[in-house]
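Chain nomenclature is as follows: A, B and C, assigned in order of appearance, with residue numbering initiated at 1 for each chain independently.
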């Protein structure tokens, strides 16, 4: 038995939840902030048998992998037109920090 | 030393807190959602010496064990009377998912 | 690799965050309540290499150590003047409860 603790960006949180449910993995979400990832984030705790750890890691990677995203420029609405970038820019989004913890004992009451 | 991580239903949370205090076990509560248990839930972290793990598990079981509860029917208030069940129904409430984690080092500052 | 779980008082939380960032340690904060420490508290999760555990523990100790603080008396504003203490009193503030957990596997996606 392992307890997988995964910190992911809020924007990937619902998609990860859905994917874990689809694959029949149980998870608990904790509200978390700052740190490992700059934006708002969510901490998942997923209890799983040793033989399913790789499957859970793959699901996390598939749904939360750090990637580049094109962001459309926002027009400068009365702001400083000098700083206006008139084309989409690439920003890094997503990413996950994952700890696989050993479990001495597991109980369901 | 062990760190016991227990996910319990919100409705059992206060009772479990009180029971842990009575037995002189220290716990921290984290706000958590979804997953192991369908309804709103709370994650307890309880640090304890190895020899007290069984006592903590018993307290969790005593206060959070999955059980059936009779729920009084709600009258259909202008709703579809066809789906109205005019007698109490049994629903499953409570339950706890518990991980006992090994601790390499414990410090109190 | 270790996962350090530290429960500290809310009032020390921002200072600890800043100190961890300064020393280049990544942390995630979880909202937590009650238990190990009486007042509102915050749970930090800090992933770190084995050789940096002592450095992280020192930072936690430096910023959250339990200490006495002089609290100015509050004038009894129409309350019971008999219970008014006309000199500052020492109260215990801060403190940290810290668990160092072994990590079987660490991934960054």
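Going forward, contacts are C-beta pairs under 8 Å (C-beta built on N, C-alpha and C of every residue); 3 or more make two chains touch, one makes a residue touch a chain.
Note that the coordinates shown come from a computational prediction; the quantities given were computed from them, not determined experimentally.
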(request) Tell me which chains count as touching both chain A and chain C. (result) B
(message) More than half overlap in residue numbers between the two sides of the chain B-chain C interface, or less? Answer same or different.
(response) different
(request) Please work out the Cα centroid separation of chain B and chain C, and write it as a whole number of Å. (result) 26
(request) Pull out every residue in chain C that's touching 2 or more other chains. (result) 30-31, 101-102
(message) Considering only the defined contacts, which chain C positions touch chain B in the complex?
(response) 2, 5, 7, 30-36, 41, 43, 53, 57, 60-61, 64-66, 94-102
(message) Give the list of chain C residues in touch with chain A in this complex.
(response) 1, 3, 17, 26-31, 45, 47, 101-109
